[in-house]
Amino acid sequence: AADFDFWYAHGGIYAQAIESMCANFNAASLQDHVHCFPQGTYEQTLRKTVAAYRAGRQPALVEIYDIGSADMLLSGAVYPVDTLMQAMGHPIDASDYLKGIRRFYATENGRLLSQPFSASTLVLYANRQKLTAVGVDHLPQTWEAFEAAMEALHAHGKSCPAVSDYTPWKMLEQINAVQGAPIASANNGHEGLQARYEFADGVHRRFMNDVARWYSRGLLVPAIMTRANDQTLAFADGECAMSVDATGAYAIVKKAGLVDAEVGLLPVYAGTKRYGTTIGGSSLWVLKGQSASVYPAVARFLAYLHDPRQQLMFARRTGYLPLTHEAEEILTTAPDAEPDAIREGLASLELPNNDYNAGTRLGFTPLFRLIWQDEVQRALGGKETMDTALEHAQVRGNRLLERFQTTYIDAPRAEDGP
Amino acid sequence: MSAAAIRVQGLSKRFGSRVVMNDLDIDFAAGQFTVVLGPSGCGKSTLLRSIAGLEEADRGTVHIGGADVTRTPPQHRGCAMVFQNYALYPHMSVSDNIGYALKLAGLDRKERERRIGEAAELLGLGALLDRRPAQLSGGQRQRVAIGRAIARRQRVLLFDEPLSNLDAKLRQEMRIELRRLHDEIGATTIFVTHDQTEAMTLADHIVLLNNGLVEQAGTPMALYHQPRTTFVAGFIGTPPMNLLTARHEGHDIVVDGGGCFPAAIKANSSAAVMIGIRPEAIDLDDPRGMAAVVEAAEDLGSHRVIYARIGQQRVLVTYSGTRTYVRGETLRLSFSSQAICCFDAISGERIEPYSTRPASFLAEGCQP
Amino acid sequence: MSAAAIRVQGLSKRFGSRVVMNDLDIDFAAGQFTVVLGPSGCGKSTLLRSIAGLEEADRGTVHIGGADVTRTPPQHRGCAMVFQNYALYPHMSVSDNIGYALKLAGLDRKERERRIGEAAELLGLGALLDRRPAQLSGGQRQRVAIGRAIARRQRVLLFDEPLSNLDAKLRQEMRIELRRLHDEIGATTIFVTHDQTEAMTLADHIVLLNNGLVEQAGTPMALYHQPRTTFVAGFIGTPPMNLLTARHEGHDIVVDGGGCFPAAIKANSSAAVMIGIRPEAIDLDDPRGMAAVVEAAEDLGSHRVIYARIGQQRVLVTYSGTRTYVRGETLRLSFSSQAICCFDAISGERIEPYSTRPASFLAEGCQP
Amino acid sequence: MKSSARFHGHWIPLALGLPQLVLIALFFYWPTLKAFWWSLHLVCPFGNCSTFVGLGNYTRELTDSSFYAALRTTALFAAFGVSLSIAVALFLAAMVELHRRTGGLFRYLLIWPYAVAGSVLGVILKVAASPSIGPLGYLNTLWPGFWQPYLNGTQSMLMVVFAFAWTQIPFNFIVFVAALRAIPAEYLAAAAIDGADPVRRFIDIQLPMLKPQLFFVATINLIESFTNSFAIVDTMTQGGPGRATNILAYKIYTDGFIGLDLSGSSALSMMLMLLVFAACFVQFFVFERRARQEG
Amino acid sequence: MVERHPLLKTTTLILLVVGLVFALGPIYLALCSASVTSRQILVHGLALLPGSHLWENLRIVMRDARIGTMLFNSCVVSLIVVTGKLALASTSAFAVVYFRSRIRHVVFWGTFVTLLLPLEVRIVPTYAVASDLFEPLRRLIAAVTGLHLSVSINLLDSYAGLSLPLMASATGTFLFRQFYLTVPTELSEAARMDGAGPIRFFIDILLPLSKANFAALGTIVFLGTWKDYMWPLVATSRPDMRTISLGIATFLPTETGQPPEWNLVMAAALIALAPPLFVMGLTQRWFVRGVTGIGK
């Protein structure tokens, strides 16, 4: 019987969904009580977790985003979830999880050190009415078609053919995954600390140059230039006709109800092989340093969240993907409307994989994302060419990786135990 | 640099409910050295600043050299001014201070330097031209301030208590120097002060202000010997004139507390009057004089001051003899009736005697 | 409240490299009114504050009433002090100001009120006891400050230029009042000022300081008539003593610029001397007198001041006649040799004459 | 102050000063020491390991182009922000001084922005400067694509500079108004008599006399621009776009808290400290000189 | 001064009005936007004229419990800092100014160095210190006695943690020092002649004279604490410990797809700036005096 803190990193409808799960757990559980605290954005949550851990005030459970995984794994602050669950009598089987999710979170030897919590992937949304109006009857499958569609919309006076917030998750990680192209050596970092970035050539470079062209021609409008000031909303309220967005956006689009939204797979370049996209999202980490009585309660809470009914509730309310085969099964076979985005997303994840679309496992990724954004914004702002921008980003990113390697070169490895 | 007459007409000014100038009419003759004298707060500075254009009067006009300048801003009035605290620009050197006005007037560098040199020579500032005001002594600052005023060669020179920040010795020296300068330059000079010694020694003409009104205007000696009111009598002279309350009875004046003397003045019988007598005009030791008890005596070396009492009234007597008087001693005071001024006790205005019988001395009792 | 003698021995103090008191030895007699006089910055306040215990001397001792208090903190020295700017506690009423020290001394309320009442009565402050210092005029503040000092009934009363912030009239009144107070209370009083008139009129005894040294100590008249140095001569009197450079030749003294007179002093022949003569001791119109040219004349009503030149040397003459002199006129000055002080031109110290032939007047040429 | 006005004794001043000193030791000296220690080590974010690297972190930062970029941004931001704050405040103060009688109301109202927190202003301006819904967005209907503060580095810099100046002006304004007030009216009167019109009087008399205040305000503003601009940048631009507004203080924060690079950000802190220290030193020097001149 | 420059007067007046528009513009915009509906802003852009929904929006925002808590936190923290700083500053400045002991130099320099290095610069380590306040002492004990204690004090997410580091600055001491230096030295001398010791002098004379300075510094510190952003951002992780100036940013959408309700954001902004504006209006005189006091 114990009280413990759970820090999560969401606001809005996501937070509401989490709070209701917490409330339900507390209501259902006689002895345990979880205190759920929002900590702001993913970044803020990670920062506060680090700080709190140093101060010895860490919560028992915390939600950390995907790219924080490498930092968490080496932190020495983590009580691996599989060990915990094993010890507390709620063993989890990594193979319960969907392929894309398992591949992302599992270690080389297949262990799950954290419990996946929220996941989504990238799909293409399109405003069917607007596309039909300009004579585009099929969703673009390729970037070439995507560009043509944007041009058609532009030619018909649509001020916002497509919208994007230019985030690296969408433009770097997912694009390279779907094309099966490497972001970093050593299997995108899964093989160890010696990994270095190598995205500046190849498909990412091609794509970003296209993006720069689309941007300068007013085809791909930055979200901050839209009235809604937000990519998802700009599509949802009909301002923009197309949007490459997370599956999670679907709940918002549906809620807006304005748009006859059509969802399809992320485009690829014509004549290239399509691989599976990777996921984005977060997992739950159990932190060391709690009193022994807390961990059984944490385990019970994790088990509760793992329950397919909770997953489904969460997926339905937020548009996140179900995580386990069991939940997917229920969702896809349920008679009531199965969200298109989730279906397409799941399909996208199930596509064939190679070494490079299991996501990345690189240190200091949060800062790297800022660097990538910096450089791309500079390129879009005409301060440098896209090619040099990407090279700069790669160089600066590699300095981060080097430092990560030196920092952790003799850090204690994750041990099993609280 | 020709002098210009200044005429002030109906000038009035109030600050809030306080009337500082009350319908003043004053003429300042061209080329004259006029001292505006009065106690602190009587409106002297306000008058001077109104003439300079620094203060806007509520009513009335100012004419300089015949032209109405009431609405003219200070920079176009043709006045130069020396301020009480000098108001030297602290960030400029002495020569820049003097030359600033010339620069604004558009004079070229050479002409400016010539004029600065002239003023410096006149005031003995030659060696100081590169210093900052902070590096000067009080007297030197004073001279720079005057230099700044005269270098412009304006028709009118205004001084607002320029000597009050100097120590006694320097003040005495500067007085002589100022007077000499005025005689050389010949501008119309108005000099404001509350120090009657300065006024007495500097002025061709004194305008004595009190509460925003002209109490008396005239030559220094006129003010000293024929004060128009008790205020003037009590303001001028160190120590000032003794004022004793008395009654007019028949042809005599009876001093409260003892003594009387004959004086033919136009006043009702038994009217209350004040008699004024200068401390140096009193004889201490006249057997027929009125009794006065010594309260205190001060020996200043050059002369002595005795604080005595006639009844309840204090009398100061100065004399330069060597005899000493001690507290409690009784004096016998007398004075010539010609040295006496009579004032109406209520209005304080002077009552002219219609006949002065010469050589009539104060006596113990009056025998007509 | 019995008076106590104060003895200062070997008192020295320097601020940085500036010597402010240089081995001072002074006795202040019990119950006496001593004025410490000197120009600004000469160390008067430092001396006074050393006696009060506010300033720590570098060397030397202070005895009060026979006891060595050099290391005693101010509150235990039995001194009360009136500060130049009064230093009244601005947030306390007049009676609290006066009573604060009594409260700290542990007196009960009744005794305190009695003492405050007493002091108030003595100083005429009865009606002001509930006011704040900001609601008082300068003279009233002055009196409160004195009240605060005397209510404590200390053996020693110290005043640091208490009158310098008051206007001339008030200053004159306060002088009389202070002297009266001293006579009533009988405490040993030390009064610091740079105004020689105050010193002359108030003091039983004057200590004249200059540059941290005692220039002369004595009665006012001693300082006036027998100044020990040219500094004293030039510091005391308004206008001060005239100092003329001269040479000692044989038994005569020859004034630079004209005139000579016999004077028997102990000085080398042809030694440079200074002669000092008070402006009021000069006769203007002696046919045998030395020639002097009038530079300026001031009429003060009660007397006149003439600025004249003997050769290059300025001489001031005061007289109270009615005759006027104009610029450029030639005077014939003479004076009694008894009125003359001779000083060594280099050290400035007075040279005593070993014989004064009476009635020897200054003459155009000396005929021995 | 004269030493004679001071009390004797050691224990009382110690007791009086101690609480403050303890607090300062805890929250100033100890953190500063810690930062210095970190800056010489490579520390793990979670605090369970550290390697001594000597000046490695410093050389790392000093060879990183983004450090120089941040330095340049900081310098630009400081230069523009400080000059704008000072110029506008001076201008307003001069005009209020000119309208002494009616200026009271302006003086009262112009101080108000001082009560507004940087973050609140940031939020308001973020909306107000929005190219789609803000008033400036109307410019885009005239010249499409003209106002894009979140894409155009220059414009976003302008925006934060404006916001920074807005927060600083009231303080400067008060200081200037008070200083102008304190200039004896006699100087202006003397200048008027000397023939100077109001504009000349301002340039020749008032401005030179404001020099100490100008120095003071400039130093304060400079330190503020190094440090307190954080809230504005964080709420409005987060250092973007393309690190156009990534001032050093913000970089310290992002490197330390987002990048989990305690060592690097500590090294940056130490270097920023040096900068602030230099600024203060200049100020101190100037004040000392002024004090010596006056005394 | 007789000064007739109608053109100059009008021009400067116009410029002053322009300055006023810029100074109050953002506040006005916030007021306008807070008084319309969210839809209106999305459709017509930011309102330039006040609408009629102000109370409604304010009510909606106030119903959000966060605002109440944050306002309360801001008040508590500001008041703690004001009280603490006034107490510390007045006493430490007294120690600095009124004693001969060399200690005063220690206090002076020990305090004044903090002027040079603002909190923002040492934010990261200060955070670490606040999270483990006992560390220095623990280390000292360990170094001296070899004892390894496990005591620790964590100030994060507490009022003490929010306020204490803000108190550790020299501005207050500086201001009081400036003021004490203007108090005539004769007052302390007179008090000493009257038999008062330092503490009595401090209580009987100096404190009553410092009333205005307490008000001035109090206002400045209050506003400064209220406006502080970085420290609360770092030192709090629990939403119920957030202060309003920090919390205002949480009204901005953080998740993509969270519809921005600018009218509510602006209403919250209005609420956040109302108390300091009120305090400012109330104590403006003191505030001005304080600022100019610093400037001396």
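For reference, chains read A, B, C, D and E in written order, and residue numbers begin at 1 within each chain.
The rule is short, and it goes like this: contacts are C-beta pairs under 8 Å (C-beta built on N, C-alpha and C of every residue); 3 or more make two chains touch, one makes a residue touch a chain.
Values in this document were obtained by computation on a predicted structure and should not be read as measured data.
The minimum number of touch steps separating chain A from chain C is 2.
The two chains most heavily joined by C-beta contacts are D-E.
Between the Cα centres of chain D and chain E there is a gap of 15 Å.
Centre-to-centre separation between chain B and chain E, using Cα means, comes to 57 Å. Centre to centre, using the average C-alpha position, chain B and chain C are separated by 27 Å. The multi-chain contact residues of chain A, meaning those touching 2 or more other chains, are 51, 54, 227, 229. Residue positions 1, 3, 42, 128, 186, 189, 192, 234 of chain E each touch two or more of the other chains. Shared contact sites, meaning residues of chain D that touch two or more other chains, fall at 4, 8, 130, 132-133, 189, 192, 197, 257.
Within the complex, the chain D residues that touch chain E are 1-10, 12-14, 16-17, 19-21, 23-28, 30-32, 34-35, 38, 88, 91-92, 95-96, 98-99, 102-103, 106, 108-128, 130, 132-135, 137-138, 166, 169-171, 174-175, 178-179, 188-189, 192, 197-199, 213, 216-217, 223, 226-228, 230-231, 234-235, 249, 252-253, 256-257, 262, 265-266, 269, 272-273, 276-277, 280. Residue ranges of chain B in contact with chain D, taken from their complex: 49, 52-54, 73-76, 79-81, 83-85, 87-91, 100-101, 104-105, 134, 148, 152.
Contact residues of chain A toward chain D in the complex are 43, 46-47, 50-51, 53-54, 71, 74-77, 218, 222, 224-227, 229, 364, 366-367, 370-371, 373-381, 383, 392, 396, 399-400, 403, 406-412. Those residues of chain D lying in contact with chain B across their complex are 184, 186-187, 189-197, 200, 204-205, 208-209, 211, 293. Interface residues of chain E facing chain D in the complex, by the touch rule stated above, are 1, 3, 5, 8-9, 12-13, 15-16, 19-20, 22-24, 26-27, 29-30, 33, 41-42, 45-46, 48, 88-89, 91-92, 94-104, 106-107, 110-111, 113-126, 128-130, 133, 135-136, 164-165, 167-168, 173, 181, 185-186, 188-189, 192, 197-199, 201, 223, 226-230, 233-234, 245-246, 248-249, 251-252, 262, 265-266, 269, 272-273, 276-277, 279-280, 284, 287-288, 291-292, 295.
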